[in-house]
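To keep things simple, chains are lettered A, B, C and D as they appear, and every chain counts its residues starting from 1.
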Amino acid sequence: MARERVHPNYVGVWLWLVALLIASVGVTTLPVPTGVALFLIFGMAVVKAVLVALNYMHLKFEHLLIYAMAIVPLVIFFVLWLVLYPDIALH
Amino acid sequence: MFRWLPEMVSTYGGDIDSMMYLIYYIVGAWFLLTYGATALFLILYRRREGRRATYIEGNSLREAAWILVPCLIVLVLDLWIDFRGGEVWAKVKGRVPQSDLGIQVTAKQFNWEMLYPGPDGKFGTGDDLQFENELHVPVNKVIRVTLKSKDVIHSFFLPHLRLKQDAVPGRAIEAWFQATKPGRYEIPCAELCGFGHSGMNGFLIVHPADEYERWVKEHWPSS
Amino acid sequence: MAQTHVVATGAEARVASGIATGKMGVWWFLASEIVLFGGLIGAFVMSRLGSGGWSEMAAHLSVPIGTINTFVLLTSSLTMVLAFAAADKGDQRGIRTWLLLTVLLGLTFLIIKGFEWRSEIGAGFTPMASNFWSFYYTMTGLHGLHVLAGVVINFLLFLSALMGLLRGREHRVELAGLYWHFVDVVWIFLFPLLYLSWSKGGH
Amino acid sequence: MSEGVKVEERMSFFRTYVFSIDHKMIAKQYLAIGLFWAIVGGLLAYLLRWQLAYPDTEAPGWGFIGPEFYNMLVTMHGTIMVFFVAMPILLGAFGNFLIPLMVGARDMAFPRLNMLSVWTLALSSLVLLISFFVPGGAASAGWTGYPPLSAKPIYTGVNWGLNLWILALALEFASFLMGGVNFLTTPINLRALGLSMFRLPLLIWMQMTAAILFMLSVGPLIAGAVMLLLDRVAGTSFYLPEGGGDPILWQHLFWFFGHPEVYVILMPGLGIVLEIFPVFSRKPIFGYRPIIYSTIAAAILSFTVWAHHQFISGMDPRLAMPFSITTIIISVPFALMVFAMIATLWGGSISFPTPMLFALGTLAIFLIGGLTGIFNGSAPVDIYIHDTYFVVAHFHYTLFSALFFAGFAGLYFWFPKMFGRMMNEALGKLHFWLTFLLFNAIFIPMFLLGAGGMMRRIANPMQYEFLQPLQPLNAFATIATIFLLLAQLPFVVNFFWSLFAGKVAERNPWHANTLEWSAPSPPPHGNFDTVPVVYRGPYEYSHPSVSEEWLPQDRPTMPTATA
C-alpha cells in the first residue's frame, strides 16, 4: 500500500464545517423569502457534505472508480425522486 | 391467441385490440425469424467428422453488423409501437371526455358500491342512490367513473370494455367508458384484496336508451 | 470426518485495479447505503411536499439541541480522520487516543439523541402522532443505528489497538473512517431537513 | 505477484462443511438452500394449480385449500422462487463457485464476509420457514406485499406471518448485499495476471452487473420495508391514507427495486448460456464486446423502467408513456444478446450434450418471454392484460428460463467441476425433453387464459361467468404442472447417483477454455496448483493457428497472443 499520502489540513476543514453549521442555523433567523432560505441552508449542507467527502473520505486523492461508486448512486436515487415528485408530492 | 379475447363492447376497446394485433404481428414475425434461424443453424452446423467450426469473433463492425442491423430494426419497430401506443393511451387514460353521467364507485372488501348522483347530478344530496355490485348505464353514452376505496387497493376491471383501473384508498381516480352494446357484463376485482378477492364481482348492465329511462323512473319516481 | 486443504494465505495478494481491496469493499457497501438513505429521504421530502401541516410539527424540534448534536458529530469526524492520519504514520498512541475520542463523541451523540427522543415522546410526539413524526423517528432511528454500529466498530478497533493487534493492520482505521464519515454526511442532510426547513413557513 | 504460501492443514468437519470460508463450499451451501426451497416452491405450485383447476376440492396428498390458504400459496410461491431459489442458485451458488475460479483467484476477496452472507441467508430461511407455522399462517398479501393490504393485520387475517416475511426479506437482502461486495470486488481486484476486464468470461460480467443492480436498487426497499413493519407493529401510517400516508409510495419503492431484481436473476442466467454456447459450438461467442456494451446499456435502462408495473395503479397517467418507451426500448440490448447467441451457432460445429440442450432451451423459452414482454410494456395493452395470466405466463417464460433452464444447464455443465464426477447423459436428456415440453404445456395455456381476461390471484375462476368456458385450459395447465414436477425425478436420481457413482471427471471434460477448467476437479481449497497467467480471451475455439479446437486462456503456447 502506498505510504506516501497527502493529508489535507483536517482541522481547517473542521473549522469550515462548524462555520457553515452556524451559518445555516443563522439563515433561519434572516428576513429572506422561504425559497432563498431553503436554497442557502441546503446549499451549505451540500458544501459540508462535499468537504467531508473530499477531505475526510479523501475522495480528492482517489481513483476514478471510487468517484463513480460515490456518484452513480446519487444519480440513481435522483431518478427515483424525479418520479416520486409528480406522483407523491403533487397528487 | 387473441381469439380468446372476450367480446369487445366499448368505443376505445377496438384501439386497444388493434394495438395487441400490431404487437402480435411484429413479435410473431420475430418469433418465426429467430426460431427459424436457430433451427436451421442447429441442423446445418451440427457436429460432423472432419469439419471444423469457422473462427468468427464478431467484434469488428463489419461482422457485428449481422446483429447490429437487426437490433436497429427492433428499435424502429419499438418506436412504432410506442407512438401508436401513446395515442391509444391518451385516448383511454388521458383527459376524460365530456361525460353524460358521473358515477362514484367505491370498492371495499369485497364489494363494489355504485353511487348515483340522482337527477340533480350532484353527489352528497338527498337524491343520491347506492347500489351494491350493480352498475346500470345507458348504451352509447360516455360514463365517468370516480373510483375510491374504503380499505385496501382494488382494481375495477371491465374485461369486455378493455378497461382496468385500480381503486386506491385516499385517492379519487377518474376513469371513463362508453359501452356500445346492451347486455350484462362482469366487473371482477383484479388486484389481490384479501381472502374474498376471488369472487369479488359486480355487474355492468348496459341498457338501451328507453330501457334505461324506465330504470331511472323506477328508482327516482319523483323526477 | 476431516479433510486436508491447501490453505491460501495470498488470496488478497493481487490488486488488479490499484485500489486496495478492503477500501473497494467498503465503497461498494457505501454505494448501496447512499441509495438506501437517498430513497428514504426522497420518500420523506415528497411526502412532506404532498401533505400540509408538517412545518408546525417540525417547529417542536429543538434547534439548539440539534445544532449541538451536529457539532458533536462533525467533531467526531475530525477525531476519526486524525486517527487515520495517526494510522498512516504508524503512531499507535495517536490511533488509540483519537479512536477513543471518536467513540466517546459518538456515544455523546446517541445519548443526546436519546434524551431528545424522550422529551419529544414525553410531550406527546410519539411515532404515531403524525406522519411527520413517523418519518422523524424512522430517519433518526435508522441513522442512530448506523451511529451505534460505527461506535461498536470503532470501539473494537480501539480495543485491538490497545492490545497491539492493530500493528500492520492500520488500514482498518481508514476503512472504519470511511463508514463513519458517511454516517456524518447523512446527518449533515438530516439536520436541515428535519430541524431547519420549518422556520420559514414552507408547507 | 505473491502466490501465497500453501499450507497443508487438516480442517475439522465444522470448518470444512459448516462454517467454511471456502467459496466452493459456500456455493454448495447456497445450492442446498436453493434446492430445498425449490422443492417447497414447487409443492406450493402444485397446490395452487390444483385449487385453480378443481376449485374447493381436496388436493391429493394435502386436502382442502380454499381462498385464504390459496392467497398464502401464491404469496409464498412468488417470494420463495424469486428470493430463496433464484438468487441463492444463480448468484449464491454459481456466482460464488465460478467467480474466483474464472478470474483465477484462490478465493473471494472477503472469505469471512462470504461465510457470513450464506449464514445470514440460512437464518433468513429459518425465519421464513417459521412463518408457515405461526398462528394465522404465512404472509398472504402477494409477493409484492402491497399496502394497505399488507400494512394492517385485519385486512388479511395474517399477523406474525407477515411480520416474519418482512424480517426474512430484510435478512435476505442483507445476505446478498454482503455477497454483492464480494461479487464486485473479487473480479475487479483479484483477476489473474493478464486477465484484463475485456478478457473476463461473459458470465463474470453478468454476475457483476447483477450485483451492481441489486446493491444500487435494494436500499429504498429496505427503508420501505422498515416503514411497512412500523405500520404493522408500531401503528404508524406511512402507507395508510387514514393517517396521511400513501399506498402508492410503497409501489414505487418496491418496483424501483423489483424491476432491476428481474435482471438480477436474468443476467446470470443469460451469462450461463453465453458460456455454454461457445463450448459446444466450438466457436467464439459472436460479438463479445457488443454483448458487454449492451449488458451495460440494459443495466442503465433497467433503473428507468420500474413504473411499468404501475400503469393502472392510479399513478399519474402522464408518467405512463415515458416508462412505456423505456420499457419497450430495453428490448434492444436483450435482442442483441439473443441475436449474438444465434449468430454464435452459425458456422459452428454443434454437439448436443445435456448442458447444451438446456442452454438452447433457455434461449427458446427466454425468446418467448422477451417477445411477450412487449405486450406488457405497451401501456394501452397493459390496461387490459395487467394482473391477468398473460403477465403470469410472461414472467414465467423469462424467469423460469433464467432460473431453471439456465440453472440446470449450469448444473449439468459445472457438475464435474463442483463434485468431480460426470452426470448421466441419458437421464439428463430425458430430464430436458420432459421439462421443456411440459413447461410449454403449462404456460402456453396461460397466455390464452390471460387473453381471455383471467385475473391473477383469484382462487376460483368458476366464480366468473366469462371465465367458465376457459376452465379446461386451467385443468390442462394443472395436469402439466403435476407432470413437470414428476419430470424432475430423473434429475434428482441423476444428481445423487452421479454424486457418488458417476464417472470420475477429468480436469477439462468439455474441452473448454476458461480458467476454472485448469483447476483440479473438484478444486481444493485454494483452487489452483499455481495461480494461472492469462494470455487471451475466454472464447478462442477453433482458432486457425492451433490444431485443437480449443485454446485455454492460460496456455502460453501461441506465439502471437490475440487480445
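One rule holds for everything that comes next: contacts are C-beta pairs under 8 Å (C-beta built on N, C-alpha and C of every residue); 3 or more make two chains touch, one makes a residue touch a chain.
Nothing here was measured: the structure is a model prediction, and the numbers come from that model.
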Touch graph components, with chain D removed from consideration: A, C | B
item: Where chain B and chain D overlap in contact partners, by chain label; value: none
item: Chain pair with the higher count of C-beta pairs in contact (A-C, C-D); value: C-D
item: Most widely separated chain from chain C, with each centre as the mean of CA atoms; value: B
item: Whole-Å gap separating chain C and chain D, where each centre is the average of the chain's CA atoms; value: 34
item: Averaged-CA centre spacing for the pair chain B and chain A, given as whole angstrom; value: 45
item: Intercentroid distance (Cα basis), chain C paired with chain B, Å; value: 48
item: Whole-Å separation of chain centres (CA-atom averages), chain A against chain C; value: 15
item: Sequence positions of chain D contacting 2 or more other chains; value: 188, 216-217, 219-220, 245-246, 248-249, 256
item: Residue list for chain C, restricted to those that touch at least two other chains; value: 17, 19, 24, 28, 31-32, 34-35, 38-39, 42-43, 46-47, 50
item: Numbers and ranges of chain B residues touching at least 2 other chains; value: 171
item: Touching chain combinations (by label order); value: A-C, A-D, B-D, C-D
item: Partner chain D, residues of chain B touching it in the complex; value: 1-2, 4-6, 15-16, 19-20, 23-24, 26-27, 30-31, 34-35, 37-38, 41-42, 45-48, 51-59, 63-64, 66-68, 70-71, 74-75, 78-79, 81-82, 85-86, 88-89, 92-94, 109, 151-153, 155, 157, 159-160, 162-171, 173, 185-186, 188-199, 201
item: Chain C contact footprint on chain D (complex, rising order); value: 1-13, 16, 22, 105-111, 113, 177, 180-182, 184-185, 188-193, 195, 215-224, 226-227, 230, 234-238, 243-246, 249, 253, 256, 524-527
item: Residues of chain D that touch chain A when the two form their complex; value: 188, 216-217, 219-220, 246, 248-249, 252, 256, 303-304, 307, 315-316, 318-319
item: Chain B contact footprint on chain D (complex, rising order); value: 67-68, 70-71, 74, 140-142, 146, 148-149, 155-157, 240-242, 245-248, 281-290, 312-314, 317, 320-321, 324-325, 328-329, 331-332, 335-336, 338-340, 342-352, 360, 363-364, 367-368, 371-372, 374-375, 378-381, 383-384, 386-388, 447-449, 451-453, 455-460, 463-466, 470, 539, 541-544, 549
item: Sites on chain C touched by chain D in the complex; value: 1-17, 19, 21, 24-25, 28-29, 31-40, 42-43, 46-47, 50-51, 127-128, 130-131, 134-135, 138, 142
